[in-house]
Structure formats: structure tokens, C-alpha cells
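Naming follows writing order (A, B, C and D), and every chain is counted from residue 1.
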Amino acid sequence: MGTLENQIVRITSRLVAPFIQVYGIYVIIHGHLSPGGGFSGGAIFGASLVLVALSFNLEVGAKQISHDTASILESGGALGFVITGLVAIALGANFLANQSAGFPMGQTGQLFSAGAIFIITFFLGIKVASTIVTLFYNIIEGEDKSGDAH
Amino acid sequence: MGLTNHFPALILAILLGISFLSPILFRWVRKASAPALLLSLFLALVMAVYLLIQTTQVGEFSYYMGGWPPPWGIELKINLIRAYMLIVVLAVSLWIMVYALKDLEHELKTDVLGWYYTLYALVVASMAGMALTNDLFNLFVLMEICAISACAIISIKEDRACLEASFKYLILSAMGTGCFLLGVAMVYMVTGHMNYDLVNEYLPVAVEQYPNNMFAASALFIVAFGTKAALFPLHVWLPDAHASAPSPSSAMLSGLVIKIYAFGLFIVFYQIFPRSLLDSIPLNEIILWLSSMGIMFGSIFAMVQVDLKKMLAYSSIGQIGYVFLGIGLDDTIAMTGGFYHLLVHAIMKSMLFMCAGVIIYTTGIRQIKQLGGIGQVLPITMIAFTIGSASMIGIPGTGGLISKWYLALGALEIGRPIFVVIILASSLLNAIYYMPIIVNAFMQQEEFAYEVKAVPRQMLIPLIIGMIAIVFLGVFSRPVIVLLENGLQLFF
Amino acid sequence: MDSVLFISYVPLYVVLVPIITSISLYFFPESQMLVRKAGCFFASLFSLGGVIWLMPYMLEGYVYCYLIEFMQFGLFFKVDIISWVFAFLITLVYFLSVIFSFSYMSFEHNLRRYYSFLIFTLGAILGVVFAGDYFSLFIFFEIMTFSSFVLVIHKQDREAMQAGSLYLYMAIIGGLALLFAILLLYGCTGHLDMVPALEVLGNQRFSILLLFMIGFGIKAGLIPLHIWLPLAHPVAPSPASALLSGIMIKAGAYGILRISLILFRPAGEGSTADWAFIFNSGYILMWIGIITMLAGALMALLQSNTKRILAYSSISQMGYIATGLGVAIFMGLEGAMGFTGSLYHIANHAIFKAGLFSMIGVVYMLTHELDMSRLGGMARKMPLVTLTFLIAALGIAGIPGFNGFASKTLIHDSLLIAHSDLGIYGIFVAERVFVIASALTICYFVKLFHGVFLGQVPEKLDHKYSLSLSANFVMVVFAALVLITGLFPNLLLELLFIPGAQILGFSDSSLQPLFGFGFFEWYPLRKMLVVILLALLIYMPASARGWFDWTPPPWLSIQKVVFKPLPQLILSFFFRGFNINDMAMGQFYEHTDNDNNKREDYLGELEIFPDSAHDEAGQSAYYTSGKGLNRDRQLKQHFRSFFWWDQDQWTIKNLNFDNLLLVFVLGVILFIVFSYGS
Amino acid sequence: MLIKIAHNYYYMVAILLFIIGMHTMLTHSNLIKKVIAMNIMDTAVFLLFVAVGYTYGGAAPIVTAPANEVLYVNPLPGSLMLTGIVVAVSITAYALSLIVKIYRFYGTVDYDEICLIRSQE
């Protein structure tokens, strides 16, 4: 359906989406430096993907990130979090330990600082973004099936 | 030194890890997913047993997440009672999972099995976390995780009853956790801490300064835990949720999930609240009377049920009352009984739900009146049912008697024989609704009228284990009782 | 008497061997009857042998056996001579019943279950009498109840199921009463040993005694707790009836004996125990016994079913035992005669009642007929049965030369002594009632004997009967036991019962007359003659005018008057409450399944209910509450219009209601907390 | 009394929000509105928490600022509430997905209508 409103929405969202994504990534990787972090950034990033899928259709959305990929990423993000915690144990400190486990702390205020926090935030970002996408797909697909059921 | 120091965190890490891993495993290496879940539950159980042994040797000890001590970091604390809870949770969930593997194939679609394992591991992980954590806010988060995943293992079976029941459960438990969070906010406002021990340290002063605040908080806590644990008038969600869920979920929910909240209330009452608060306002009285009403009404409601699983669910309302009675009686002996009942009921109610699951699996029957003569065709299942019911009634030789004995003794100890009467009356009511089922199942003259599938061995073995466990708990109760008595001394 | 302690595991083996045998026999396939019979035979023989082996130790002291860590309190066996008497009776009667089962049960179904539970019950009953503390006693008592339940409902027809469910519920109530009593006792004393403890019980002694009496009285069949007995004993297979009537009810008597003569006794010398309390409890027990005796005998006279006569006769004979015990209690340390009398009667009753049930069982086995009106003339067909039955009946009637005579004489004498010592008129009345009840006993046995063995043989039953050797053996042994005991009454008295009385601390002056008691002197014989004459006086006119066929009106039945309405009332109260509760609280217990979502959910529930109510009490409760249904419906409408909400929407899934409930509870708790706090 | 209340106005706002949420929960039959009400209730508690942690004139507790700043806002409630929000979001998402499925069965998300449909079956 190529109505005008549709076109406006599509073009705008196509224009805006990359910026949103970049901003999301920014928020994620600056989680230890400024307000924000894995959850906020992930939510922003995930919203951009949802935006694309909403303004176009499911196939286009799926080209960006498919349902399966999203759910695998979701598990992977959470697993990464747990593994980071376990790495600390392997390094001889407590679970989820940071400096005491010997993660490099870097210079305060720099991007690569705060040791494991950075990694954890990153994994969290992946997890949250993919969760939002998965939720979206789940609900949308449920709607689709309901059309058949009625 | 070494890996064993990290066991408290490793238990959680392993359970969370497997819960995130299992959808991936299920997608790529389908055969490995179920054994991996069992293996990790088993590993966690081994660690929990190790923790228990360690506590008996060195006493209470803490684990700081990330190496941060309490005011800043999250603290996991292990003492005898917590280790006991942990073992109960892990052992019973491992046992249920063995049964579930077969039953779920029948009750669920294949493609959601991986997600079921995820949710199951999440429920177990959150319960283990609730047993271990020493931080109010963590407790809140874990309660929410537990609530969502518990709802999800109901609604994963997509029929209407399950969906509605789990929606209702979700809303009510969200209200419950809302109340809990409000209570936590009030405690935080006056103490500035979340850690149990620190809160406990600062509360006596705070109670004197802001009594109203703490009164409100205590009421909120009771309602929050009461809703979650199905304390009597707040139990409304339970029968639907537990009856409509797939049988392993019912076993899990009735056996463990409601218990962990009772444990939470125990922690709040006896570890967080100062004695002066409990003495000045009748919190224990409220718990006592609510639980007594639950014991009586749960049994009475169960009597008129026609659906087997629904009857079991109502019976759970009565039985959770015993645990709360133990908490409310405020006496070491009674509390020992309550905690013992927690274990015994976890096993027997799970086993009864498994029996119901076997009956549904093999015959498709849910109505009680259709069960006449079923003992001839499903002997082991019905013997398991008999032993479970006997334990519910409190027949000697089963664990139910021991817990009732201790509860009643505790009630006498503090001079409240009325609760003994309630316990015994409820035993009678239990007999009235369990006995006819057993008698009809075994002694009816007519043949069983329905078609019966063969029972898979995988479903029978857990039942046999359960029978042995109940009889064992009834006969050799001493070690557990001693453990509980030692563990409860910390709180008095 | 110096009592020596022996530590031996024989009591444990004696209890465990039958139990283990029974469990292992259950796993044998149905077809291997020989193994099963042999297993039962040898298990009961082993128990008998073990009990006999214990005898020399018994005469010198106690045997202890302690299993620590078992069931929380440890399993504790302590066998003294009183326990031993019971155990010996149990194993002896069991041994004979097992042999009798071989021939009797060969035409029955479900033998695997029968033999397993038969022999299991043996272990449980032995556990009851060997138990050295109240907790062990309670455990075995309950196990005994549940395993004997299976024997009661063996036939599985409607009658058996009804009797069984009544038995089960009564027994569970009894068990809970026992548990409560034991809990209270433990709360008072801090231990559960069987030692005198009247002083420490304080204010709770009355409730403890009452609860114990309810718990044991249900098993013992004392009026008014006897209602299950005449239903349950006749429906069981005859060997099992023999055990139920001969042995099982003695467990109740054993409990009463242990409670009243050991627990409710002052501890040691110079204690300030409340003898008035002891006297009152004994006096009441005696009267319960007297009433039980008379009412049981009267009810037995009015029955026409042979096994039911025997069941009522059991109730009546339990009355004798209770009377003897009551006298022993209220006479304090002077009550040795009453005690020995009732212990003697327990032994005698076990033998002749088990024998009588076996003989009636033989008749039933051969003719498949229990009703006296359709039997008759069996004396010609089964001479041996007739002879043995006659001996056993003479025993129970208390004719000199048979065993019942000795024990009844002792109990009667104890009443006379009590009257002459205390001079209470009530005891005199009791003694007269005793005589009348004894006469009635003779009457109903004459009636029973006449109905079954004399008269014309009905045409249907007029053929030749042959009987297996084992059944003959069992009957002959029972008759021989009756005769031996009856002819040498002092033998057992001096060997077992007097030492038993010595354990309980009865004074020497009261024990003295029992040595060399002159049973066959003119004085006791004269009493018996009076009884026989009285019996003839009653029987002649009554049988001629057909008084024995009178059916008592329903309002005389305790079951109809008290025991049925009571649960009905309670249940219907709950259902009614349930109903109102339902209206007010939004039907929250209702079903969510598709097929149960009718608007009038509660009505639907009630209509389904009769099928799911498995016993009469439940069903009648349903009907009682059903009567009020219309009124309730109107009430419901009223309630609906009362709230400003539209009540129609308040169904199970109504979250509004649930949330409101939550808020309401929160509000109530807040209110309570604040009202107390400030 | 009134002045006390006025000083603690944020508590009052939080309680007001909580009551609004509860009222919506109780009176509205639309399931989605119920979920929204749940969120309002949660938000009330979050507000309360954050208000508890706030210090008048305090700055954001970021280490990059020069060290002469003395007053910091307590960061703990804020970060805890972030977790709380995550939890609330996940519950909302789950509740909404359940509502979608309930809609599939009944064709409506209104509670009264669901009851009506069920009573007519």
C-alpha cells in the first residue's frame, strides 16, 4: 500500500533508524562513563529494529534480524554475562568480581576502563535489544496465528 | 580455598547458565538439552550438599558478589536453614524434572520444550537465589523472576484455562510484589540499608522513631508473602493455576514455589524485624489465624471438588497453612515442625501431582468419581498416591505425622491447644477426602472402565523414589529434625 | 516382686517377621498359593514360638528392646507379664485362624491381599501389646487399624464398603483422639514412658483421660462408641471376624488397662494423688461397662443374623471386661480381684469368641447361609461342629466347668466385695444388672444354638457335608482350650494373672484371696445357678411369644440418633456456610474449565456431589443441604441485589474480586496492626 | 500536620499514584488497562524510592566531576529502580503477550465481555 502517510513513515524511519542504532550503541558502550548502560542502550537499539519492522513489514524486519537470530542472541547475551562472572572466579576472585579479579582498569574517564563492567554492559545491551525484538516478534506472530484461528 | 569457596555463586551461575543455554541447545543439539538440565541441577544439588556440610562445620558464612562487602555489594549468606531450603529446592526440582521429561512430551508441543527447560531452570534459580540472598532488593527481583517464570510454566500449555489462570496469577503476584516493594521502600527509608543484617541492626531505633512506617511495612510484607504463598484469603489464584498447569508445573508450583515465599516471610519476621516489633504488634497472631483458617477451609474446599488436580490444589492451601502455622507459633519446636512439613509436603504434594499426571497421561481422566478400580490397572501409581495421602493425613510411618507432631507439640508448648485441635481436625478432613479415592481405587468391585496406556518407566521411577523418601522421612526423621533445631537456634 | 530386666531382640523379631513376611508375600504372584500359605503358617508359628520363648523371662521380670532413631522417638518395646498374656493369646488365636483360613478362604477371591494383610495385622497387634511407650503404641495401633480395614472390606460388596468406611472414619477419629491425648501427655510430662504420672498431669488429666478413653473405647466397642462393631465384624471373612472380635477389640481393652491402671496412678509412696479422681473415673468406667454389657446382650437377643449375634455378644463381653477394670480402678490398691477377673475374661473371650466365629464360619462355609431363619438342624449334619460350638457357648455363658465361669465369677465377686467394702448402692445395682446380663447371655446363646443346630433341616440344605481336616483341628483345639481352662481355673490364675496384678502394685491383702480361689465351692456355683434359672425364666416365655423377633424402632439406635445427624449437621453447616460464602465472595472456588462455566455454578456442583460423596454421611449431608437450596438461592438473589455492583460478573476469573480481596485483607491487617501499635 | 504533609509532598504523590493505580486495577474491566494500572502502581513505588534517595542540592554522583562537590545524590535507589523498571517492563511484556493470547480465544480484551461470552457457552 503505497499511501503517502506510509511513504513518509517509511522514509523517515529508514533515515532515523541508523542514528537511533548508533545512539543505542553509544549508550551501551558508555555505560560506565555516563548515565545509561546496557538496559537503556539495548532498549534504544531494540526499538530501532522494532521501528523498522513496524514501518515496513515483517519480512524487511526479519532481514535486519530474524526471530531465530534474536532469540539466539538473547540467550547468548545472558550467557556472556554469566561467563564473565565465571571468568572472575577462574581468575581467583569472587563471582562477578572486577578489579580484584585483575580485569584491566585503564584510565578513569576513558572508553576502555572499568574492566568487566564494560563487558557486562555490552552483553546486557545485546540481551536487552534482542529480547525486545523477540518479544515484538512473539506478539506479532501470535496475532498472525490468531487470524487463522478465528 | 579454590573452587569450593565460590559454590554459593556457582549454584546460581550454573542454573542461570543452563536456563539461557537450553534454548540454544534445544535448537542445535536437541538430545543434549534435557540431560544438560538434569546434570546442572544435579551439580547444583551436590554443591548445595557441600554447602550444608560446610555450614555444619564452620557455621554461618557469607559470600560477597564481586568481592564487595555488604553495604555496597550483594551478599549471599549460608546458614543451616538456608542450606536446608536450598537442598529442598534443588533436590525436589531435580526429582520433578526426571518425571517431567516424559510427561512434557505428552502435554506440550515439541518446539516449546526448550523454552520450558529455560523457564524451569529460571524458577529453580530464582528460588535458590531467594534461599541464599541476604538483600531485600535482590529478594524483590528474584520474586519477580520467580513469578514470571512460574506463570510462564503454566501458560506454556496454550489452552484457555491455563492462559486465564496464569494471567490472574500474574496480576495478583504483581500486586503482591508491588506491596513488597512498597514495604521495602518503607524499610529503606528509615534504615538506609537493604542488607538483612544491617536492616536488622538499624531497625530497633527506626521502629521507635517511625513506628507507623514500620507497621505499614509489616502489613505490606504479610500481604505480599501471603499472596505469593497462598495464605488463606489470598489464595484465590492458586486452585486455577495449579490445577490447569501441566502436571510437572503443578508439582513444582505446589511443591516448591509457594514454600519459598513462606520461607521469605520467615526471614522477614525473624531475621529482619527486631523482636520488639514482633512483640508490640500481633503479627504472629494474624499469621496464626489466617493459617488456621487456611488449614480448615482448604480442606473443606477440597472435599467438594470433582477434579482430581483441583482437589490437590485446594489441599495445598491447607497444607501451606501448616508451614505458616509453624512460623506464626513463634516457638522452636513448632517452627521445626513447620519446616519439616515444608520438606514433607514438597515431596508428597509433588508426588500426588505426579500421580495425577500419570493418570492423565495413561487414561486422560481428571474426574475423581471416574477413578474407581484404577488401582488394579495402575498399581504402583496408586500405591504412591496412597502413601502420599497417608502422609497428608498423618498416618504413622509417613513424614506427615512427624511434622504434625512437632507443630502440635509447639502449640502446646506455648499454651495454645486450640491449634492442636485445628491440626487434628484438618487431619480428619484430609482423611475424608483422600480415603474414598484410595478405597475406591483399590477396593471397587467393578473393573476399571477406561482404556489405559502403559506407564513409562521414566514416570514410575520418580514415584518410587518419592514413596521411599516419604516413608524414610517418616521413619528416620531424626537427622533432619536435629538439623532444623540447630539451624533455628540462630534465629532465637 | 523383684523384677529383672532382660534385653532381648526377640520381641522385635516377633513383630517384624510377620510384617516382613506379609510384604514379601504380596509380591508373589497370585497363583503360588502354597508358598503363601506356608509363609503365613510359619510366620504365625514363629511369633507363637517367640512369645512362648519369652515366657520364662516374663515370670522373672521384663524384657526390653529399644530401637533408637526410629520414628523420631525410637521404637521401644517393653514386655511384662500383662503384655505377654495378650501376646500369647494373639499369637495362639492367630495361629489357629491362619490354619482355619486355609480351608475357609479357598473359595474366596483376592487371596493375595487377604493373606498379606492378615499376617501384617498380626505384627501390628503384637506391636501394640509390646509397645513400651505411648508413641510406639500409637504407631502400631494406627497400623493395625488400617491393615485390619482391608480385612473388613474383603468382600467389597456394598454392605462391606459401608461398614468399612464407618469403621475407617471411627478409627481415624479414635486415632486422632489418641494422638491428641499423647501430645497433651507429652506436653505435661516430657516423656512418653508408661509410668504412673497422675500428679504431673495437673488440670489436663481429665481431657487426657477422656481422649484416651475415646481412642481406645472406639476400638474396644464400648457404648456409645460401638456402632462400627456390629457392622464391621460380620462382613469380614470368618477367620478375620474371629480375629477382629477375638483379638482386635482386646487391643482397645489393653489400652484402657494401660492408661487407667498405670498412667493414672499415683507415682510412688506418699504422693498426694487425687484418689477421688481415680475413683470417679473407675466408677464411670464400671457403669459404661455395665451398660455396654446389658445393651450388647439385649441387642444380641434381637438379631437373627448369626454373625451379628456374635458381634453384639462381643460388645456385651467387652462390657464385662470394662466392668472388671472399672472395679479394679476405683478400688484403688485393693482392686486385684477385678483386675484379674477382667484379664482372665480377656483371655477367655479371645478363645471362645474366636472359636465361635470359626464354627459359625464353618457353617457358613458349608451352607452359605448366615440367617438363622434359614438354618436349622445342623446338629445332624455336622456333629463335630455342634459339639465344639456347644462347648464354646457353654464357656461364654459361664457354666461351671467351662472357662467363662472362672472369669465371670471373679468379676462378680469383685463387685460384691466392692459393695461390701464401700457400701455404695450403685454398685449393688450394678451387681444385679450383671446377673441379668449374664442370664441374657445364656438366652441368646440358647437362641443361637437352637436356631442353627436344632430343629428341622431346611430342604435346600439337606445334603451331605464334609469338612477339611484343618478346620476340624482348629475347632477341636478351641473347644479343648475352653475345657482345659474351665476345668482347671486356678492354673492360669496363679501362673499368669496374679503376677500380672502384682506388677501393678495391688496390695497383698487383696491378692491373698485369689490364691487357691475356690471356684467349685458352693457359693459361686449357687450364684451361677441363680443366673441359669433366671435365664430359663426369661427365655421360656420370651421365645414362646416371639419377643426375640421384635425389631427396635429407629429412634433407639444410637447410630440413627447421634452418629448420623452429627456429621450431617457439621457437613451441612459447612456446605451452607460454603454457599453463603460463595455468594458473598464471588464463587471463587468455581471451575474455570469450559464445561463448568454455567451461571448457576454452585447448583451444578451440588448436583454432581452425590456421586463423589462416597459414604452415607456425605450423601445425607448433601440432601440436608439440598433442602435448604431454594432458600439459599433466594438469599443469593438478595445478596446480588444488595451490592451496587452487578454481581453477575463476579465469577472465578474476576480479577476485580481478587484484587479487592487483596486490598481488603491489606486494609484489615493494617487496621489491626495500627490499632495495636498505637 | 499540613506543613509536614506539604514538606513530604513526594510521598503523597507516590501514595496518590499508588491509589490511582489500585483504583484503576479494581474498576476497569479492560485487561490492558489493568496492566497499565499495574505499571502506575509500580511507578509510584519507584518514585518513592527515587525521592528517598534524592538530596537537596546534590549533584549526580559521577566521578569525573571535580572533587570539591560535597553533596551527592544517593545513587543506590536510582540504580535499584532501574532494575525495578526492567522487572516491571518484563512483567508488562509478559502480561501483554498473555492478553494477546486471551484475545485470540475470545476476540476481546474486555473483561465483562469475556465473562459474558463464557457464561453463554
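Everything below uses one rule, namely that contacts are C-beta pairs under 8 Å (C-beta built on N, C-alpha and C of every residue); 3 or more make two chains touch, one makes a residue touch a chain.
Values in this document were obtained by computation on a predicted structure and should not be read as measured data.
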item	value
Which of B-D and A-D has more C-beta pairs touching across its chains	B-D
Identity of the most central chain, Cα criterion	B
Cα-centroid distance, subunit B relative to subunit D, in whole angstrom	29
Separation of mean Cα positions, subunit D and subunit A [Å, integer]	23
Centre-to-centre distance between subunit B and subunit A (centres being mean Cα positions), rounded to whole Å	35
Centroid spacing, where centroids are CA-atom means, of subunit B and subunit C in whole angstrom	40
Contacts with two or more other chains, residues of subunit D listed in rising order	25, 34, 101
Touching two or more other chains - residue numbers and ranges from subunit B	160, 164, 171, 175
Of all residues in subunit A, the ones touching two or more other chains	none
Chain pairs in mutual contact under the definition given at the outset	A-B, A-D, B-C, B-D, C-D
Subunit B partner contacts - residues on subunit D that touch it in the complex	18, 25, 31, 34, 38, 41-42, 45, 48-49, 52, 76-77, 80, 83-84, 87, 90-91, 94-95, 98-99, 101-102, 105
Subunit A to subunit B touching residues, read off their complex	68, 71-72, 74-76, 78-79, 82-83, 85-86, 88-89, 93-98, 100-101
Complex contact set, residues of subunit D against subunit A	60, 62-64, 82, 85-86, 93, 96-97, 100-101, 103-104, 107
In the complex with subunit A, residue positions of subunit B that touch it	3, 6, 9-10, 13, 16-17, 20-21, 23-24, 27, 63-67
In the complex with subunit D, residue positions of subunit A that touch it	33-35, 39, 108-109, 135, 138-139, 142-143, 145-146, 149-150
